[in-house]
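Here the chain labels run A, B, C and D in written order, and each chain numbers its own residues starting at 1.
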């Protein structure tokens, strides 16, 4: 098994180096690179699953440069689970990549992109495997820097460079915060060793633990995109090539969540206190609600999906918050259920978000169009992608047969059970009640957003002429999307298998195993008396009724004719495409009701008989937090620059004053 | 030895308020001669040749070579007619008085365990006044003189505190000062050619406070 | 034996639904002293629509054809899990209250998609308004089920009803608040008067009608039928959750016939309540509807508060 | 022993040789040959040192121990790589008539003289000679800073000369005070050896603490100006940005290290005699202050060389801070940081030199789209900036992490300042460089670029970041034992 692990990491590194070597003939490079990537993804899945099933960890030690510092690596169930997530997405990308990069061959150099993709994926592997602070930080930074280069791949227009810079800067701030949190832990570990396992057994006072936790929370939050710190995500992800943004938002955010789980549950497991759970819950709710509200207003498809990543990360953090609260109030069973729900949502989000991003990539590649308003009626031209995208939309808006609903359902269950269990803590129950209802609101808003997206892109009439050459993509891309949509369905129908794997993780982290039911069909979180959900019967029930009614009608009303007519135009004349509801119109009611969340600038000018309407949606947070920081830093720099006045006599005065001052200090 | 120390201090005070280049150079020459006499008196007292060597070296460099170069440059760049308009000599003198007070007040207790307390303070004072000279003047040549008066202060300190440095170090320092002064000359030529005046205030192109 | 009872209940559900809407329309006309169509009018409509020629817009895609079947099968499946007169249902443990909420939103998802598919202004308008209303209705539903599951310690429908019957919950103040907020949500979800006028085709006011404007023939029949089933479902859910007075616990004939009788009475009361509210209240402006639903949300929150403060300690 | 003589005599011979050679091409090739032989010679000292410890040469005038051996090898290596680069750079300058033959003649003479002075300063045992050679290195570089004869260059040379020489003269006064305290302890017979380091180190604990304190103040101000600690740093950005690229590489790569070496030599004495860590605290305050101020000033730099000179101030501040903490681990990190920083900084200035040759402007907003116009150069500049800003596998990042870890353990408040400093510096560097690297390329004059020495340095930094060779580790451990008493 250890060799397999080696194989996984080394193939990726080898593929990235190979891509530099073969940069002169892209076609060969493309196939070899993506096939190697696929093999490593597959290997990662096997390694991850094997650890999850057989529970025994694989650890490896690598001595390094500095005294008393050795890079330790371990593959335990938690990192195994996330390794499978990476494996699945990397496999689908390895099929998707060659088709998508066909147009890149001519002008751009694929070698650089594949080099950095290789580094990026190997960085993620190493983050999962790292077992001590030093290797964790090195892998973490490697991951963020290589993804910086990928985001800055289209660096022709300056906006991309600006967002890439913002991305790397916030990643850097995040990693410094995490480093500081780890430092505090090491401060209290007497042996001074950086190993995660020894850090677990340190004696740390509660307020230091609080400081470490909040630092880690904001450090990892910076990377996952919690609301106040999410600004880089909607700018960085849409700019990268689609399969990279699928990899980034599908997997990289999960790696940050893994880091957070490793820190709070893995290391600080014993000493968690109530405020932690509540803050995580509140931030989760805020970022999920605001994430989806901002997503509603977006026109750029990939920016919309990026905002949805913020929303789904919020949901994951709600699950984690609930499990932290349950752990503190002394109910480990519910804590493990909350953790399992959050992890389940991690894998679900990884799958349907990558499916949506790959679908968006296909749409962009075919129609060369980013703006939703200029698409329409694509389902008639590319039915296969349309159906895969539909499955993605249904699962992201957490609707029953698909996987999004299972994790949402589990989070609701944890919310109910914790509120039932915490009957007398008055404030917490109200908080959980509001959180649960806001989660439902987020789910519906997500459904609204994806009805808008799907309706505007695929259904109705074509809004612009350049939709004519849109066709279903190459086989590789269809295969990737098909694979992911089938996975969406499978994870929606067979949750019990995944839950049994997740209970292994909660056993490792919290020490209590979920009551895994014997039969495969019944998903029973705690006891069947409280709640149960059998996804197979549910699906069979609906399918039988549907088919039965379909055939019944077909048989007894065979004779009725079906004819195609123009849609009803109230008799005024032909319906043309601009009469359709655009994306902005679709969300106009919600915009007017929730108008306090955005900075909405609407202008309608009347220029000699033709009226122009402009709508700009800006992010409050960007205006009131990030721009002031920038101006502040420049002002301070300018004031300090007075120090360098240019006149030599002033410099000598500085020297003189320092001499006198020091003499005075010394006496 | 103790007699001449205040005279050296006096010359550095006078240096501060000079406004003509020629008078500044002459005061510097006076300061160097006093110092030479001190070295000579020291040389008489102690056996061994190194004091005589440093005496000869000192005279050669500080009294003959450097003033010659300075006069040469002042005549060549015809600076003698310019008056370095010291705006407020009183403030300069006042600050030098404060400096002396500071020295005597703060630094004195530190040195009480040393034998000749006031000589050391005078040496320290000469150095600090040298720096003050640099700060207050804005003519490049006055910078040379300020730099050299600091060197004189240090040289006087070596004489007073440690009865002279090892010979190699003495020669090294003298050699450095020699090169320093030649470099000053080269820089004068370049500055004169670039901004055709030796006023230090004009030279502030490399600044960051203008936006 | 239980699956036979469930089959009967689902068939009963499907058959009574058009009758239920027919009676509602009949009583409403009587209240507004107009001469009303016969109670069986919905059956004739459905029969006529199934036979009529199907006209499909050229701009629509395959979703337009599949959507009615999916919507109809979802609503019928929910009937299989909601107990009508006998408490434990064969499919009872398969899905619980949240899944029912999810199913309703799935049906709404496909309805809005089909609305958007026609590519006309009406479809888009109906979809956007439907989504607006449901955005505010879902959290209320959830807070109601949250409160209920807190009281009855379970989210399974049969468990809730059994607990309610055993502890005759409806006397508790929090359950009364929940009942009232549930009524407001039913009005919004099923598109009754204060939120959406079911009878009219006026562009400005119609929400549900706008989405199914392009449907004709058998598709329209299926969707109409599904809407009627949904109305009946909400009524039955209302009584099961909040006034499960006479529901039969065990399988002897006396209890079942008694519970059917009680059910008929309850449905009559429900119809009268709806008609009075429909003729009494005027339709709210679209942007006023969220305030109505916010009111019910706050009532739900009060119910949770009430439950903790009064019933627990 | 012969190797040591060779390392010292070669630059002397080089200066005399350069005086003789007029032709530029031959001079630069001799320069390369001399520096490479010099580097190999310095390498041979290491085995000699390893098997018989620190030794004195020429009756105690020169003293080699672990600490200055590491810096000597580093200096000779950096001079070698800079010599390769300056060969190409000077020929280009001559071609575009930027400097005359006479100036290039002066350049080569002063180059060798500078190496001689630096090597003497590093290896001398006599603290007086240490001062003389420091003054000599300043004098030899003044003319080189003003090589281009532009207004700014002359002004930079003038400021560099005045500020450094005044500063160093204060250091001389400090050395005299140390000499006086040594005289009191030693018996009359050894009056000549008062300034010898090997003798002083044994007497250090009974030197008179009060005078040593004042001496350290003067020394700190003196050598502080040479290191570029903030209140005294004003000459550094001007000197580094106006001097020719190989010169600024040498200045920031070597001169700052030598000044820091001298200061630490005295810090060891002061620590021994004072027994409290006054010296360490002063260095911490100065180091941290210069780290933060330089990091903030990085934000608004318009000139590419000024940007990297401020980053030198920032890193030197960090290294002084590391030495100031005076714990075994932090001194180890400080030494490692010193090596890695001088390698990276000299390679960055070489790359910047090439960039300026291509775009013949130093203003950042005029340099655009390097990656498109000159792919190798553009990528090198971007990766080098990221290295200096601290990205994973390279040495700077490893030393930053370890320093932060050690600092958190000692005092978390300082660690917070460190974190903010890292982030501000990262933002400042990348924000200014990214516009010149990405985007549409402006018109540039295509000329031969020579970045192989720079890449050699960066590869070395990469290796150091991941794994330290055992010999270096042993040397560093010996040096740490020496420094932290």
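In this section, contacts are C-beta pairs under 8 Å (C-beta built on N, C-alpha and C of every residue); 3 or more make two chains touch, one makes a residue touch a chain.
Predicted model, so just to flag it, every value in this text is computed and none were measured.
Touch-path distance (fewest steps) from chain B to chain C is 2.
Pairs A-D and B-D differ in how many C-beta pairs touch across them, and the larger number is found at A-D. The chain with its C-alpha centre at the largest distance from the centre of chain A is B. Chain centres here are Cα averages; for chain A and chain D they lie 45 Å apart. Averaging Cα coordinates per chain places chain B and chain D 30 Å apart. Measuring from the averaged C-alpha position of chain A to that of chain C gives a distance of 36 Å.
If you average the CA atoms of chain C and of chain D, the two centres end up 80 Å from each other. Contact of a single residue of chain D with at least two other chains is seen at positions 158-159, 162, 166, 170, 214, 237, 297, 300.
With touch defined as above, chain C holds no residue shared between interfaces to two or more other chains.
The multi-chain contact residues of chain B, meaning those touching 2 or more other chains, are 107, 110, 131, 134, 203-206, 208. Contact between chains, as defined at the top, is found for A-B, A-C, A-D, B-D. Within the complex formed with chain B, the residues of chain D that make contact are 126, 128-129, 131-132, 135-136, 139, 142-143, 146, 149-152, 154-159, 161-162, 165-166, 169-170, 172-173, 176-177, 179-180, 183, 192, 194-195, 208, 210-211, 214, 237-238, 241-242, 297, 300. Every residue of chain C that touches chain A in the complex is listed here, in rising order: 50-63, 69-70, 72-74, 76-77, 80, 91, 93-96, 98-99, 101-103, 105-106, 108-109, 112-113, 116-125, 127-129, 131-132, 134-135, 138-143, 146-147, 149-150, 153-156, 159, 213-214, 217-218, 222, 286-287, 290, 297, 300-301, 304-305, 308-309, 312-313. Contact residues on chain A toward chain C in their complex (touch as defined above): 376-377, 379-380, 383, 386, 390, 394, 397-401, 405, 409, 412-413, 415-416, 419-420, 423-424, 426, 429-430, 433-434, 436-441, 443-445, 447-448, 451, 454-456, 458-461, 522, 528-534, 537-538, 541-543, 545-546, 549-550, 553, 557, 560-569, 575, 577, 579-581, 585-590, 592-593. Those residues of chain D lying in contact with chain A across their complex are 158-159, 162-163, 166-167, 170, 213-214, 216-218, 220-221, 225, 231-232, 234-235, 237, 278, 282, 293, 296-300, 332, 371, 386, 391-393, 397-398, 401-402, 404-405, 408-409, 412, 415-416, 419, 422-424, 426-428, 430-431, 434-435, 438-440, 464-468, 473, 477.
Those residues of chain B lying in contact with chain D across their complex are 107, 110-111, 113-114, 124, 127, 131, 134, 140, 143, 147, 150-151, 154, 157-158, 161-162, 165-166, 168-169, 172-173, 175-176, 179-180, 183-184, 186-187, 190-191, 194-195, 203-206, 208.
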